[in-house]
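These are the structures in question, set out in turn.
Heads up, the next two complexes both have chain A, just with different partners, chain B and then chain C.
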Partner chain A sequence: MTQTIDISRYSALTEAIRTEARRILSDGTVSAVIGYTSGRRTGAVQPIVITAADDADKLLFTAACVNNLAVYLTKAKKDVPKRGRIAVVLKGCDLKALVGLIGESQLKREDLYLIGIPCSGVLGSVLKPDQELTTATIASKCCECTDRLPQGCDFVPAVDLPSPVPLEQRYAAEIARLEAMTPSERWEYWKEQFSKCIKCYACRQVCPFCFCEQCLCDRNRPQMVEQSPRPSGNTAWHIMRAMHLAGRCAGCGECERACPMDIPLNLLNRKMAKELKELFGTEAGFEVQDKGPLTSFKEDDDQSFIR
Partner chain B sequence: MQKQITEANFRLLLDSLLLKGQRVVGPRRTAGTVLYEPLSSASDLVMDELPRRSAKEAFFPVCEDLLEYRKEGQQVQVTDITPDRFPETVLIGIRPCDAAAVPVLDAVFSWDYNDQFFLERRKKTTIIGLACTQANDACFCTAVGLSPSDPKGTDLMFTPLEGGGFLATPHSDKGEAFLATWQDRFSEPDGSTPLPSAQPAATPFDLKKIKAWLDEHFEDAAWDSIAVRCVGCGACAFVCPACHCFDIVDEGTEKTGKRRKFWDACGFWKFTHHASGHNPRDLQPKRYRNRIMHKFKYYDDKFGQTLCTGCGRCIRICPVGIDIFDILQDTENKG
Partner chain C sequence: MHLEKQKHDFEPKIIAFVCTWCTYAGADLAGTSRMQYPANVRVVKFPCTGRIDPVFILKAFQQGADGVLVSGCHPGDCHYIAGNFHARRRFAAFRKLMEFIGVDLSRIQFSWVSAAEGGKWVEVVTDLTERVRALGPMVEFKELALEEQWSGNLNNPELQAVYEAM
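Let's turn to the complex of A and B:
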């Protein structure tokens, strides 16, 4: 049965974010704050970069704050000015991605001022942004979230989250369903999903880990992956994306949320994360790791795949 | 001459078309997402949801082959396209915002070069529109000179009636011919009232005023504030009924392969990347500026038309919430 999720604390979070942003912009701690602001449509939210303390009241936090703002800090997003220390508003899942970027030497902790959000969950889709947050509309990633309270931030509003309502573990269930299929059934499933892909690359562009200055898919001298949105090139892209994110993806689920064709992309990432956990006992977290599971070698690593 | 058709007869009509081997394309759910796709039975048709992608792909597919090449020794054999690849098609359940974009696209596809791929499909397709009775908060056809019952671009327009069924109004010879061919399924209008048209909460823009501002503000700080958050994907262009940029790439091996044409988007960094390495649109705000300029200035300069039908798809799907209606409203206020 669908149940409403208590997000009454989000207005207190909004107040706390505004107060903190005003303070750190006024006293010069940071040069800019990357956060969320409201859009024109009821409930709509969009990312914003503010540089003046007077704009702090534009910031907010609601169930429609779906974006992972860490993406704006990467070298792939040259448009966001990166002078001085920058503050960024992060949910737990977003923070794990940012921690991964620090581990990959893409960001320096001292250049950042992290505003962590104690989070009760966000919407799975903002096609209709004014929806109420319920056990049905909540993002699948939130159903399996174990990191509602970010760690290691410069500021986390002191807000007590209500205890989470039990949620159906959608990814786990879907992965189990796909694992139970025969390889040809599974292939049919993904073939149909990938057939919808139009190569808009929204999944790539919103991903904090897709910071390559030139994606292999954009190379044409020589061409590495078929560029045309056809079955072969689509499949190549999605397999490449999943493999390239294995051991790195923090599970923010932005790829899946941004996909205009509703391809369940995070399912591939979750499956990879599951394998990595089983094989190497690693998963994305709040602690910076110098080396990821696929960029390091340990003598006791599982080698059963070598036959 | 207006005719009327019951819901049941409409479904029977669809099945008769399909039985006859007619290709029928309409809104259909594919792997969970509603798209304009070939139907295999009348029950496939989804009438209560705007497809995620527009109907432009019926004329300008996501991807198509232009030619095939084969090299043997020093001989290169090039196989051209054949006209039989453009089957007669009935496009059904097309929303006014999608249908209206088709004549707008005619201008660019038959301008300095007649694009036979687009024009052949155009010739062989009958467009049957479906008036909207529901709008959502992203719809703004009424702001760009259209309406939820505008027949622009349709050959035949279906308007839902109180108590079920549709009123069918022809708007071209093709529409008349369709009604004549399938007259048995239709009846004379019995005076039933059409369902109230949808009412998007969008009052008409002064497009001249918007264009006047764009004419003078190629360089403006507004572009930064609008698009600094743009992540540079092609989602807005790809779901748009009017965006029509494409790329052409040869794919295959040295011996054999195909030349393919597929959708491109001005949001991509690669879009204006020169072979020299220089990119005149080096930052995202410059790319987003092109999106607005092309729709509301360049296309007007060249063809006297607006390259936007207010479907609202880009507003709904933009991963970072860029809202073209909001931008136009601000621009109008500045103008």
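Let's turn to the complex of A and C:
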């Protein structure tokens, strides 16, 4: 049964973001604010970088604010001014990605002014951006979200969150379904999913952690991953992508949202996050960690699989 | 101790990614000690198990390997202090990913073989070869390599309708 999710606080959030952005821009705390603004279609939302206090009224927060704005701070995106402190509007999941970037020495905390959003969830698809947020239209990542209230930010609007509606754990259910299959059934499943891939690399472009100057799959001496959108190259790319994000992915789900072919990319990421939590007891959070699970080790790590 | 050569219907191709300091020396010891082990294994030497990227394993399967062996120094014996500790975590994660994708994990073997363990090298290689021989050829990745671009297939009703309307 679908149930409406209470997002009445989002208008208060919009007000709070505007007031704060106006204040920090006019007193010179920051040189720019990265936030959301309305898009062309009714209800549509797009990212915006504002540098003048007068533009603060353009900012807003609605259920269509799906983008992870942390991606604009990585060195892969060069259109954000690099001078002075930058303010950025972040949901809990986006903040975890940003914390991961700080841990990987991609950003400095003192160069940032974090505006955290107490979030009740966003839409899964923005094809119809003005649709109502219900238990059916909410993004899958929000169903399993445990960190609705960001921590360690410079400013979090004082808005009390409504008590969360019980939601179906979509990824957990899908992972359990796949784990119960035989290896050949799983191979068939992924073969079909990867067959849809057109190698547009939207998943890479939108990922805050894909900041390499040159991606391994763009290199051709030696060529480790076939570049054309053919079966073997697609499979290798998606396995490699999941492996490179293992232990780093914060679960913002942008890869899955950006995928034009609806490949369940975040499912691979969630599975790896689950496994790494079981193996090494680590997961993405709001605390900056110097070393991720795959860049550190313990002498007594499990080696039962090694002969 | 020359064993009689056996004829098999299927000779698996095994790629062994080994570290130069321990397992390569161990394999060398097996050779100089005149120990017999299956010639199915193709050894690729790396400076350290920490240098072995999981993508090499994928590439090996794509290029026709039926089984992959990754072998290096015992924990604590790494020439580069901690390379094998990092490799251990990486491969623990990679195994889980391959399992989830649907690859039979008995085709991928990890082992620690020191420079003094020529006998263990023979044992590991023989075991893996016989296990992969029993499993038969690894067809999944090879089939992928032969398949044409899926997105170009016109068996999709939507695409077919558009095509016919043109």
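Following the convention adopted for this analysis, the second predicted complex is superposed on the first by the 305 of 307 C-alpha atoms of A that agree within 3 Å, B and C clash if a C-alpha of one lies under 4 Å from a C-alpha of the other, contacts with A are read in each partner's own complex, and residues count from 1 in each chain.
By definition in this document, a contact is a pair of C-beta atoms (placed from the backbone, for glycine too) under 8 Å apart; a residue touches a chain by one contact, two chains touch by 3 or more.
Bear in mind that the values here come from a model prediction, so they are computed numbers and not experimental data.
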item	value
Superposed partners chain B and chain C on chain A - clash or fit	clash
Touched partner set for A:Met240, first chain B, second chain C, both or neither	second
Chain B versus chain C as contact partner of A:Glu20, first or second or both or neither	neither
Chain B versus chain C as contact partner of A:Pro293, first or second or both or neither	second
Partner chain in contact with A:Asp94 - chain B first, chain C second, else both or neither	neither
Which superposed partner A:Leu178 touches (first chain B, second chain C, both, neither)	second
Which of chain B and chain C A:Val206 touches, first, second, both or neither	first
Contacts of A:Val71 with chain B and chain C, given as first, second, both or neither	first
Contacts of A:Ile198 with chain B and chain C, given as first, second, both or neither	both
Partner chain in contact with A:Pro231 - chain B first, chain C second, else both or neither	second
On chain A, positions contacted by chain B and by chain C	195-196, 198, 226, 228-230
In the complex, chain C residues that touch chain A	53-56, 58-59, 62, 75-76, 82, 85-86, 88-104, 109-112, 124, 140-141, 144-145, 147-151
Chain A-facing residues of chain B, complex	30-33, 35, 52-53, 62-63, 136-138, 227-235, 237-239, 247, 249, 251, 260, 262-263, 265, 268, 270, 283-285, 315-317, 319-323, 325-326, 329
Touch list for chain A against partner chain C, complex	178-179, 181, 183-191, 195-198, 216, 224-226, 228-232, 235-236, 239-240, 242-243, 246-247, 268, 271-272, 275-276, 279-280, 293-299, 301-303, 305-307
Residues of chain A defined as touching chain B within the complex	39-42, 44-49, 67, 71-72, 77-80, 126-128, 130, 192-193, 195-196, 198-202, 204-206, 218, 220, 223, 226-230, 233, 254, 257-258, 260-262
